[in-house]
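These are the structures in question, set out in turn.
Two complexes, one shared chain (subunit A), two partners (subunit B, subunit C).
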Partner chain A sequence: MTALLQHPGYDEERLKGVAEKLPCREVQAEMLLSLMGQPHQYSYPSILIYGHRASGKSHVMHVLMKELELPHATVSCVECVSIALLFEQVLLSFFGCDAPSLLPRSPSLSDFVRVYRQQCSQSPAKQTRYIVMEKAELLRDTDASLLSALLRLQELVGDNVTVILLSEIAWDKFRPNTGCFEPLLLHFPDYSKSELQQILSQNVHSSYSAGFYSAYINILLGVFYSVCRDLRELRHLAALNFSKFCEPLAEGKVKETDTHKLWKHIEPHLKKAMQTVYLREVSSLQWEQMQQMEEEEAGALRGLSAHTHVELPYYSKFLLIAAYLASYNPARTDKRFFLKHHGKIRKTNFLKKNEKTSNHLLGPKPFPLDRLLAIFYSVVDSRVAPTASIFSQISSLVTLQLLAQVSHDDQLDAPKYKCAVSLDFICAISRTVNFDIVKYLYDFL
Partner chain B sequence: MSFFATESYFVQGCEDAESSETRFRLCQELWDKIKTDTEVLQDELNRKILDSLLDFTRKCSSTRQNSDWASQMRASEIPTAALMLGVNIPDHDMTFQSLSDMLKQSVSPHVASVQAKECGGKGLRHQSEILLCSPHRLCFKCPRVHRSVHCSLGILCDWYAARTKVGAQTTVGKKRSSQVRDEQQQPPVVIIFKDLEAFNPRVLQDFILICSQYIDRLPLTFIFGIATSPSTIQHMLPHSVSSLLCIELFQSLSCTQHLATVIDKLILTSHIAFKLNGKVMQVLIGVFLYHDFSVRNFIKGLQLALLEHFHSQPLSVLCCKKKKALFNVTQLSKPNLDRIRQLPSFKRYVEKQEAQEQVNLMTDDSHLKELCQQLIKDLHKYHKNYYPILRCLHTLTSSLPRYPLGKQARVLTCFPFRMLAKGELVSLLQKCVEILQLSKSKKMKNALVQLEELLARFKQLDKEIASRWYNREGGGVLNQTTLLEMNESRRAKRLSPFENLRNEALKFIDNLVKSHLSPPESQPLYEVCYYSSSATVRRHLNATPRTSIQAALSNPYHYLQNDSLKSEDGTVSNAAPDICIAYKLHLECGRLINLYDWLEAYSTVVLAAEGNDPDSEHFGKVDEVKHARFIRAVSELEFLGFIKSTKQKTDHVARLTWGGC
Partner chain C sequence: EKENKTIGLLRRTAIHGESNSVLIVGPRGAGKTMLLQCVLRDLQKEEKVQKNLLQVHLSGLLQTDDRTALKEITRQLHLENVVGDKVFGSFAENLAFLLEALKKGNRSSSCPVLFVLDEFDLFAHHKNQTLLYNLFDVSQSAQAPIAVVGVTCRLDVLELLEKRVKSRFSHRQIHLLSSLNFTQYLERVWTQLSLPDSFPDKKFAQEWNAGVKTLCEDKSVEEVLQRHFNSSKDFRSLHMLLMLCLSRVSVAKPTIKPADLLEASRMCFADATANMLHGLSILELCLVIAIKHLNDVYEGEPFNLQMVHNEFKKFLHRKSNSMYNFEQPVVMKAFEHLQQLELIRPVDGSSAKVQREYQLMRLTLDHSQIMDALQKYPQCPTDVKQWAMSAFG
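After this line comes the complex of A and B, so read on.
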């Protein structure tokens, strides 16, 4: 199988090393190698590799570049918060640490091209240089010209350079509407079950045999493959549950080959893991502690989402309730809810056509500060002076992200807010202050 | 320098200038004591959580360095501590300060704190840039490699590698001078996010993604400060990001517990001479419970009360340690002695004395001084007895259903005790004994002896009853229901020995409480130690901007103190500032105000103020200056939010407030 990778211009031994490190990606590596050609040959200007998360895009590129010792610059687009960082990293890895200092303070694309050409004339490329850009989909958010320029960088700088873009999305979503140079597209398909098995089995624990670990992975995939095909998540799960799997072995009850008994032992734990760990509710460290503990104690350790209770000052609670009412009730109905002598207004009378759908389905609506305060003063049971602390509580609710400010920060006059909490949350809050919020909600009338 | 500066501020406008210096000193001393006490207290309260956090960071860096299979598999995760702090954001600063100090001391020199507001800026990219720079800028003092190179984690990694290399060499050179350094060849880089909720989720996600790429080279550890609930992490970070973290949860003490401890240790003790009376206390606790949950603000309120007390009450020279107070009594000046005679509590005391004594006290200064010394001693004794008994009462009542007794409850209703089973009663009394043992005063010791005696008798009784019940019913434990049955059946009958003893115990406690828990207002000279002006505290802590603006506009004399502005009820004098006149006039209008009418009315008022003859030729004509003044007043009102321009009618403005004439 490893003999597959053969390519003129590269060392046989190295290619062998590459093949060993890239299980189940031989076809793609072969393809890439033939695209790249021999080191001194000009390569295609730009290649886009796309495929789902954890399908080995970065890994393949990384191994190829490292093992074959090709001149390259790997840039993560998340990291490049400004174009300057991108340029600097490329220049740094191609021409050494002096090159970036030639760039002006906030460089433009043409500055980069100029510096590149200048450096390139001093040290021309003997073999193809590669710029690998991870998470290339973020390039769409930057200046529109950057992507098109990168795609034909070879032409711009007149050097043997190839840009390889790695992305999770297909090229169709990239293409700028002005049109641009079309890169070569290369798709990395998802790993199949047997491939996952093969890859995961490589992380074998040093004190156990490969066959044993492989059997463990087989069991694990049997449980999780139907819900999760992400290699990273599966590797995480494998690491978590392995110690539990080995437990009967350590106690000397079972032999390594007795897969059935091991399966019986581990199955309930994997089922439990399916409920909790997939969401990373508890950290892996805590999970291990939990497994070491006895069953009855384990209940004490609760996941992240179990803690939803928030303790708030008294008036903050009422402000939040008022905000919720303002967000989910139409403004016209305020009279019905908060006026003592509102007369008899039935729901059918003021039901407009578009309001027939539940307001809770539509989500919170923005409301002005005045309305919030008016509702607040009518729901709070005691007389409250409009002090500065009431107002500051509103802004601290915004910082806590329980309210969201809709209008711009600069707008001091009549700011608008939205309530950002769920019905369950607000019900819990109003229960603590003995306020029956459901009675005041238009949807539940 | 600053000390003298503040002192001169204090002396300015002080009631009694002579003693102000001493009072300032006393105030300063007390405040220093309160401050250090609270700091110590806070450190103690936070110790547990901080220690566990330190353990966490240490453990993380050690697991990273050892190479067993499990930690290798987990190597790509960034260890993260989610620190739940509650919504009292002002208090968090102190916690984070001590956390980062402790981390720097014992775990790693590389600790950075980041705050969301530092990472503000236009556009996501800009914000992330600031966030990336912040670890460099704030803590590591990383020298930039090249002037033009931007901050990035790559550079930070290089710096870190160089730094640890140097560190390793020097420690070897020093022949393993410190054990700690040796263990920690690679101290973790800790980044503290002080307020997770306030961060822009996108920025945070990007930052975590970037960090995870360097985790193999840079041992990062995150600490998230969370104010609301841990589920915010899940709201902010998608699975692809949160799977890069290995989150562990740490719950800090709730703020109400925190406050309870502070009150317990600072206010309900006799160590600190300065006291708050019930109303002020209510204001402070009200601010806490209703508005902010912030212990720091509570202590600020306490400081305000302290300062106000020493500033406004000349007799506060006596509010200090007993010895010093007794000395200060001898130094009292004549006016101050007169002030003592004016004190309501002292007057009440004098009225109870005999006629001759009354005259003596009113005329003879030296006699008064002697009496004051006695009274001060009594007051201190009262405090010494008051707090232990209060605590006893609290322990006795806190376990009773629906019977929460605060500080205000001073009369013990004996009824609920009838419900208590003996076992509970004995254990409660035992707790009281423990409390009383802490106190040193004579009376308390006396009470302690009596209480112990009672307890001994209870135990004695226990044995007797046990043997008797054993005979009758074949072994039994007294529980609440059987006791109640017994109560029912024997109401008319002879009381059992247990009931007798219980009544005795109740009587004893009742007496104790009645004699020692009299309200502080009943003590003569209580004004010296108690600060009672709750209105001042409320005014200062609970600012009401709207009310003060309205007060300023409708009654300018309140702030300007100019006699010409003085006016009878509700009306504004003609000489008032323009804006006041315009405000007053606008109150008379409806929802829409015609600007021209308003201007006419305004100019009439101003002309009258200038003393022009209403019948003269030029009267009623508006000159340019007045016009300009009017426009300025109107735009000021608009700025204050009383009116706004409207499109309904041209040359009209709309009123935004209701009410008026």
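After this line comes the complex of A and C, so read on.
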């Protein structure tokens, strides 16, 4: 299955080591090796490798560079907040610690090329030097000439150097306006289901058989494959849930080959994982602790977005309900909902809702403070005096980010707000005060 | 003959002390830099030129403002010591000082200097175009013999110049537009791929060249090359195609076959977006189809996550398929992944005040791209495919 990588100029033993470390990526490694050619030959000045996250781009590059011991500089564009960091990293990797100090304080591209040329004349390249840049899409946000210059760096410095860009985004979105030196485009295709199975099964724990582990991976992929194909996430999930999977085995209830029973045991657990750990609502540590506890003790896992840990005072809850109604009901329908005697409603006032304008799809609308208070007084059952404490509760709702202030800070007399909670949340709150909110929502008439 | 024209021009500057300016204009990959290098190489062979002519090479990509450019000029003329710590009032003074310092021993005339400006159009974006103004000014007045050669890919470069700069420019332009026809293109392929006679292993060279001949005569190869020729005639893209083709030759397979060129061509013409769509998960693909339906019904108006999820739920409701019934947060994560891949982009506007589910977006994909991707998608469930092709499409 693993084809031997053969290439003149590179040691055969090392190539074998490379092939072992790159399962399912032999074709791409082969292509890269042939483009790189023999070490002393010049390669194509710039190559852009694009593909999904966790499709092995950085991994393949690192393995090739390390195993074949090629002179290289790895730079992640996320780290290079200023281009000086990029220049220093490259000079450090190629010419040692003294080189970066030759750069002036805030170096420009011109300084970098000058210092590079100087260093290069002292220590010329015997083999191709590689600059590997990860997350290259961030280069678009820097100086416009940086990307164009990097693509033709070989020409500008007159040295045997190749720039390899790794990115998630296609080249069409990168290209500068007046064109540039077009890099060679290589695509790393995503892993297929069987390839994912093969790669994930390699992490088998020593005390269990390979067949057992691949049955586990099969079940995991069955649950998660339609949602997520990212190798890193799947590997993380596999590691977290394996102990739970082995539980019935340890307790002696089932045998290794009893896949159906094992599946029944783990499936609800994986589904729960999808709603919590996969979304990073709970941390991995919390998840592992929860697995230790018994089923009855575990209870509902509190996620980050749950908001259920926020306890509001009585009037604040009604203020929030009133705010939700103000945001999601159009102003002209207030009369119908909140006045005791609203009279007959003429047909023309009530046009058939066009689905598109359903407020629950478009988002909350801003409302003035007066409207909020009017709705509040009609919704609260007891008589409430308009004291300062009511107003301060509104401000605290804004601080909790349950309401958002839309108007400018200058406008003190007519502030406008928007309600920032979801339907589920407001239903939960209104249940606690015995208020049927759905009856009052225009969209659910 | 363009080469001769340029050589003549530069020779006049170098030997006779005449000032000149010229622009070499041509699309990317047309061979402008190559022309210049050939010209310079031939000029250097003449002894008089070699002794006299000083060269300064500037690039618009590297020297992004005039001060840097001036420093670079000083450096390349090896005049750092002469300038020392002097402070100059204006750019013009500085440049005059530099040229003065190049005067020969008998103070009769200054050394001729050749200024090569790569990416000339970028210099036109500098403040007040001071560098260009001063260089052209010197070339028009009789101060010192200089030649200014600008190389650019923009055909409308003269529009970028200010009036006063344009008037000092000699309006001499050399246009490099490829005038190859298809037969010449094919010949070029043949010459590039064949091994020269000086190749050490004669037998291998013979076999190889025979293989190249069969390749060039193959019908499908000719069609493919015609396609490449129609999209761009320049040498650089041909070079890339041949490079990809040759990379398929290895120790195990030391011959070149028509299939290699066809495969290389396929790689060149591959649609990057289609490749990325191939790797989406089924949930993400369903979201893309839901967005497509929304675009069809509402004629391309921006959408948000709530609308897309609603559309998706309608599909699930119709099919009574509980397999894809995911919670809102999971759908949100898939939606965000699409945003990271830049398949959907937020509409311009303040995104700070709007909740994430209601942020308006637009699709950056085409209808046909989505349908093509669906055809190639591995193991696409049939009901998803049917949904995509249903009524609104």
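One rule holds in what follows: the second predicted complex is superposed on the first by the 304 of 445 C-alpha atoms of A that agree within 3 Å, B and C clash if a C-alpha of one lies under 4 Å from a C-alpha of the other, contacts with A are read in each partner's own complex, and residues count from 1 in each chain.
We adopt the following convention: contacts are C-beta pairs under 8 Å (C-beta built on N, C-alpha and C of every residue); 3 or more make two chains touch, one makes a residue touch a chain.
Note that this is a predicted model, so its numbers are computed, not measured.
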Quick one: classify A:S108 as touching subunit B (first), subunit C (second), both or neither.
second
Determine, under the contact definition given at the top, whether A:V223 touches first (subunit B), second (subunit C), both, or neither.
neither
Taking the superposition on A as described, I'd like to know which of subunit B and subunit C A:Y314 touches: first, second, both or neither.
first
Classify the contacts of A:V254 with the two partner chains as first (subunit B alone), second (subunit C alone), both, or neither.
neither
Quick check on the superposed pair: does A:H205 touch subunit B, subunit C, both, or neither? Answer first, second, both or neither.
first
Counting only touches as set out at the top, which of subunit B and subunit C does A:L64 meet: first, second, both, neither?
neither
Quick one: is A:G363 in contact with subunit B, with subunit C, with both, or with neither? Answer first, second, both or neither.
second
If I apply the document's touch criterion, which positions on subunit A are contacted by subunit B in one structure and by subunit C in the other?
279, 305
Spell out the residues on subunit B that touch subunit A in their complex, using ranges where they run on.
69-70, 73-74, 77, 79-80, 82, 84, 86-87, 89, 125-126, 128-129, 132, 145-150, 152-154, 195, 197-198, 206, 209-210, 213, 227-235, 239-240, 242-243, 245-249, 254-256, 287-293, 542-547, 641
Touching residues on subunit A, where the partner in the complex is subunit B
53, 76, 78-79, 81-82, 84-85, 88-89, 97, 100-101, 103-105, 203, 205-207, 232-233, 235-236, 238-239, 242-243, 279-280, 282-286, 288, 304-305, 307-316, 385-390, 393, 396, 399-402, 413
Going by the contact rule set out above, which residues of subunit A touch subunit C in the complex?
6-8, 30-31, 34-35, 44, 50-52, 55, 108-110, 113-114, 143, 145, 148-149, 155-156, 168-173, 178-182, 184-185, 187, 189-190, 192-193, 225-229, 274-275, 278-279, 281, 305, 356, 360-364, 404, 406, 418, 420, 422
Listed in rising order, subunit C residues that touch subunit A in their complex are 27-28, 33, 59-64, 68, 72, 75, 121-122, 153-154, 236-237, 240, 243-244, 246-252, 267, 270, 272-273, 275-276, 278-283, 298, 304, 306-307, 310, 323-324, 326-327, 329-330, 333-334, 340-342, 353-355, 357-358, 378-379
